[in-house]
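Note that chain A is present in both complexes that follow, paired respectively with chain B and with chain C.
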Partner chain A sequence: MRTKKLAPWQIMVLTVSGILGVDILIVQHNMVSAAGVDGWISLTIGGMVIFAASIPVIYLMRLYPDKDVPQITIEVLGKWMGRLALIPLTVFSIVYAGLSARIIGQVLKMFLLDKTPMTVIVVSMVAAVIYLVDKGVYTLAAVVDIIFPMYMTALILLVVFSVPQANLANIRPVLFRNAGKTAGAIIPGIYNFTGYGTIPYFMCHLKSKKLAVKPYIIGLGIPVLLYIILTVITTMVFGETTLRAILYPILNLSKAIEFKSGILDRLESFMALFWIPMVFASIVIFTYISVRKISEIFSIKGKGKKYTSYTLLFLLPAVAMIIPKDLNVLETYNNLKHVGIFYISIFYPILALVAGVKKRVVKQK
Partner chain B sequence: MIRSTWFLIIICLLICTGCWDRKNIEDRGYILGIAIDAHSLEKDAEQKPPDKMKETDFGRIDMTTGKPEYDMTVQLPIVKKSPTVSASGGGGEGGGGESMSWQITQSGDSFLSMEREMESRVSLTLFYEHLQAIIISDDIARAGLDKMIDFFLRDREMRSNVGLFVAATPAKNLLEVIPRVEDHSATYLHELPTNSERNSRVVYKSGLGETVICIREGNDFVLPWIEATKDEIKMKGGALFKKGKMIGRADEVDIESINLIRNMYRGGVVVARRPDDKTGLIVMDVFGAKTKIKPIIQGDELKVDVYISIRGQYAEQIGSGGIDDLSDKFIEQCERAFSNEIEKQCNRTIRKMQKEYNIDVFQLNKLLRTQKPGYWHEIKEDWDRIYPDVEINVHVKSDVRLVGNKK
Partner chain C sequence: MLKPIKRLFTRNKGNKGSKSSGINKYNPQTQLDSRSPQTLDDSQNQQSEVIYGQKYINIKLTKNLKENLATIKGAMNNNYDIKTKEFKLGGRGVFGAVVYIPSLADEDFVLNHIVNPLMIQSSLILDREDAISFDTIKDTMIDAEYINEAESLDQILFSVMSGDTFLSVQGYPKGLIISTKGYVGRQVSEPQLEPSVKGSQEGFTEILQDNIGLLRRRIRDPNLVFEVYKVGQRTQMEVVIAYLRDVADQGVAIETAGRLSSLDVDGIQGTAELGLYITDNPNSIFPLYQVTERPDRVARGLMEGRVAIFMEGGAEALVVPATMPILLQSADDYYENWIVSSLLRLLRYGGMLISIFLPSLYIALAGHHPGMLPTKLVLTITGARTGVPFPGFLEAVIMGATLELLQEASIRLPRVIGQAVSIVGGLVIGQAAVQAGLVGPIMVIIIGVTAIGSFVVTDYSLGLATRVLRIPFMILALTLGGFGLALGALVLITYMADLESFGIRYIKPLSPYRIRDLKQTILKARDASHMNRPAFLNTADVQRQTKQRRGK
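And now, the complex of A and B:
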């Protein structure tokens, strides 16, 4: 009989999928708007910071290998403080998943399904997400496994096919009278990796007793590298001014590629098959961690967890549809990540610190 | 039970999602080409009786926001006349000098309103994803592309590799051409620049995407200028754009020089006088060229060195009685002759662009911005004043690698 546990490489896949998501469609625009042609440098430094930020996360997972974040938080901070600390994280992950569904809905409406009402797009996506979350971690990870090679192949193909259009001059001069802006954009650079904190929710489901630190680190490295490459290539193809003007550079990039002959006429229709599941995987992960937190906050056990997922079936579309204007959605999403990453970046170190002190006190006793 | 309910809900939602956007392929009107002219369809004072009405009478629009500024003509293929449909017995009588497309002209002040107005005359839903070419009349180009191009960037069906062309007014005449080989003038036009690998006298990169990048970054650029007979279109040099507005024209030799200097030369022919007999000619079939531009700042003076290296085949000689005398020394003399010819040609174009038009079509500004950013930062406001007097030196190195089928 197959054990319904996760393999170490699934940790890598879940880390990559947790970090990627709608951000991959907008990161290039955001970074170039913040730091001009040097946006990729801010992103690189932001990526490095994320590796440093993962240290307390790894420490916590080592201390509590069979517990996930909500369980660790309640264990370390106590019943009431722990639950209180989990509330902002829960709100963040619910709003993040809801707004991701809305942004993917907007993109789908703009590029594929112009007549389909937004509500239908969002509700259908959320229904599929909840169905998957309801099936549990193993099924969720298995589906993400299937999606992962598909979207990675699509992204690599996109980069390869874009190279002939790239112009090195568009990314020069490097850091010319722009060091201040580049430094200022490091924090927005970090926002794009908000998903780094999702892995402690899955590590406790690992098949082996040994912590999968290496897959986690590789999982962090892949999105960092992908974001940098995509930001460099889109800047080289479109140039700074155009990149500031277009909202979804990756989709424009795939539209700009045309095959003169062959069975594949246009790349964007092929790409659509892959970026939709990619965003879907990210929403699934954030919805799962929301369910976990709600369950722990309210001590919901057994069948009750099922009903928690069903509640999100209504809550996520409500969050997604609450903002009427598309542009405001993107703005709110970016602001949310601002607040979210701030909270996460102090939450994990404090939790690790308190857990470490507690452990030492227990040892001394 | 719960599982099957979930399954049903998901299937229904997925199916319903697709239904809204279902569009039969035969209901789409695939726009292949667009021509944009300044408004000329004047509205008659009197209403004509139906038997006196012409197609152009439908093109006028009742405005609520002022006067119409543009006449937009779109080319729609008449599918029933397509050879494929004819062959499969679906009717059709195309060919034999008969147009296989329908050109519809509509006037208006915004492109979306013109498109929607056209849909009151066409039984199909207009669709831009297969758009091949946009032809802009010179009067619209002179008024400025930045003024009218927004629709073509914002619309989700538009693609950045749609070809942009400029023609004498009325541009819609270009769409009326009935090509001898292709089915539609727009597809014919779209395919023309592909010969830039063999003919360097055509503008190579002239897509909507590249043009918009130039406009946004404030770079000067060139778009292909086209002229037509009733069944033929020719790319005849280029239209020069400064700050998004057309300011003049470049001939085909200028285009060749511009392609060479901007490192966009993909292949072509160089003709020079025979070194041993000035009445004869030698011809080089160029199959590759590489250009490097080096800006040099000496004090306050800017000097630009352009290094062009071309390689190709000794392809033809005219005169001197067809003597087979291709010694190494003769080939060296020929290489020098080719180099001199190209230098002369480039210098002529540089003078014309600097002195006559003051247009930085070689995009030296971009070069300075990326290679000498400090210097560029100081002079960028004065670039228009500095550019005409910049010393540009062209150095050409020709390399004859093949001699063809005979010595």
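And now, the complex of A and C:
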């Protein structure tokens, strides 16, 4: 009956959700490990780089407002080259979604369900993800839209309640004999924003004909700001040395909060419940874009798309459980992001360049 | 020779034109182009499209009165409730007869306003030695709401069975259908399921005309249109769609008309049952339409740009589209200050969440994550559960099942006994179960609060849905603890986000966010600043009021 289209606000929510994911749980540890107390500065510069990296993405969306990335890729690079270029992206998004499920599984085992087998957690999480992906892009956006305020409120409250525990001395002196390391950590800072490239998969479903560039930019800005604030606050609360040793500083941050007239004794366990929807949203987005790419690579249409998502019901848990040791998962995840962001950061500019040249040639003709 | 009615009914096998069934055929394009409002009176005047058994169309009356009466009575299986009265007209041995059903028609009217005038006035004509013509009878002798000529049997049968009277005159192969409907029905009374503290105390009745009148009294706008459809091959019930032509989304009106027209069922007996036939998703446990017995709520719905559906014999109206936030509104919200009403609406959301999640939350916390609770509370819970032989889940299941039994029993029993059941169940069984050590007192409190939570959900069907959802969440809490609850909630949101009510997403305006709509549906906007109708309803006329009043 009615056309199922997205509102500009949903573009912003999808951008934020695509970027956050499990990264918000580990970004502080990663940044402080790379740049010490000045990790937040590297992160700020990394965030700025992401804004620059979004330019070719926006350009592509302007050129092809009614197409998503796989369709644009095939149109610009041709059938075979396009499909070939999409394969690494597809592998990346599948592995990213799978490992995200594994990491949240680890977090839940650590803070909430110590006796439940990891496979059960991962499989049930993936089943819920596939159920949503199967419902289509509009329902996906609506669900992400609804859960967005939940975890955003949780994050804001966490920051507010952590302030009394913060010690300014832990973050000072700024850039003291640390400029080199800080500069070196800019690239790891960028790694935390791999989700910036997910939005061209959704922009073509926008209700209005006008491209929602502003919501996209705001959507990029929110995670940058959140990452910086959380890195600053965790550094101030724990200090550099402790933060290097903590794998999931956000969860430990909730542990550090004390309610004197407490209703809840273990806030970190309670807060872990709020990270589930956040990670869920991110996995859903990456699973959806995986399905889209697989569908285009193999020219799957109609009901076949449903079966593609059902295939991921087995593939994602398999990817998640492929690494036997828990400790190696984070390392693999970080390495994957390195490779992923490298590929994405050259993929979009090249695609935009070829698309621009092609358009110019067509115009001249 | 007439065939038995049973064999004469033809089933509608797909869209094969008007030939196949007795219901109006729907064509969105033609509906759009030729949407002249068909009033109730119009529909009664145009009953020719009603096919009461396809083959009756071709059966025409003859000039022989006796033969005509035999045909009509034969078609109605000579039922004892069919009454015929023959009388003499004029002075040339011309006879007339009326056919009606006393239980449906106003018999006094038939005798005093049809039969008597015909007999008396025809005597006057006899004095003048004029011949009585059919047109004279029609134009000068009878005074009724409507008088229509009829020739075919299907028209006559339907009219008589709807409470009208058929007048046949010797020598004419046609007759008159005279409006004499006089159903005996319930008086307008207080709504049973939706009482209001400050609002109107009027509720719909089972008589369609009365319900239409209740609505007309509230909206005196010529753009309020009523379109009539016939539903049920055998029951031929009148179903009326009401909407404000210049406000409602025409798409919803067309869709509603389409769904009603495409119904192919032998009979539907109530408005709520009709809702199940035209719902977007028959498998949804959530109600995808609003069932209300309050005229003020229907009027408000129409003013918002929604469409109402009435059915003959139904004491409720359906209002579509209905989204979850709309279903959580109450009639009294509009009679209270916006701050109070907003808080009450939020309270209802809280009640719904409590109704779904509280028992499962208890199971998850007590069973999987006792460490999340303060030590003192854990000790209290543990102390209260000492001696209880069942695990928390089983305890919750036992008490939950008892609660459901009590609720069902109190509904089915007469009101006085129902209250007694509630007291026996709530106080006696609960207290006895705790004293016997079968359940802990905390669980009784949990189930009690859960029940109260479900009672604040204004829509009965939505309340039932929350009761159904309790069970899977309890199982999830038992197996996966808090993670199971979070995951279950995500699946529930997905399920709800995918539902649609007449093309409108069930969760609107929760997504996409629109502050204006959220202010009007989740909360209640200050009446003076409630400038526009909810945007998610895609109304034709957006503006509700032009000037914002800011008080003194």
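Criterion: the second predicted complex is superposed on the first by the 355 of 365 C-alpha atoms of A that agree within 3 Å, B and C clash if a C-alpha of one lies under 4 Å from a C-alpha of the other, contacts with A are read in each partner's own complex, and residues count from 1 in each chain.
As a convention for this text, a residue touches a chain if its C-beta (ideal position, glycine included) is under 8 Å from a C-beta of that chain, and two chains touch if they have at least 3 such contacts.
These numbers were taken from a predicted model, which means no experiment stands behind them.
Of the two partner chains, chain B is the only one that A:169 touches; chain C does not reach it. In the superposed model, A:113 lies in contact with both chain B and chain C. By the document's definition of touching, neither partner reaches A:122: not chain B, not chain C.
Of the two partner chains, chain B is the only one touched by A:239; chain C is not. Judged by the touch definition given at the top, the superposed model places A:294 against neither chain B nor chain C.
In the superposed model, A:69 makes contact with neither chain B nor chain C. Contacts of A:131 after superposition: both chain B and chain C are touched.
By the touch criterion defined above, A:146 lies against chain C but remains apart from chain B after alignment on the C-alpha atoms of chain A.
In the superposed model, A:255 lies in contact with chain B only, and not with chain C.
Counting contacts as defined above, chain A residues 112-113, 116, 120-121, 124, 128, 131 meet chain B in one complex and chain C in the other.
Residue ranges on chain C touching chain A, taken from their complex, read 251, 255, 368-369, 371-375, 480-487, 490-491, 493-494, 497-498, 500, 502-505, 507, 510-513, 538. By the touch criterion stated above, chain A contacts chain C in their complex at residues 1-2, 6-7, 9-10, 108, 112-113, 116, 120-121, 124-125, 128, 131-132, 135, 138-139, 141-143, 145-147, 262-266, 269-270, 272-273, 276-277, 280. Within the complex formed with chain A, the chain B residues making contact are 6, 9-10, 13-14, 16-18, 20-21, 156, 159-161, 209, 212-213, 216-217, 366-367, 369-371, 373-374, 377. By the touch criterion stated above, chain A contacts chain B in their complex at residues 110-117, 120-121, 123-124, 127-128, 131, 134, 169, 172-173, 176-177, 238-242, 245, 252, 255-256, 258.
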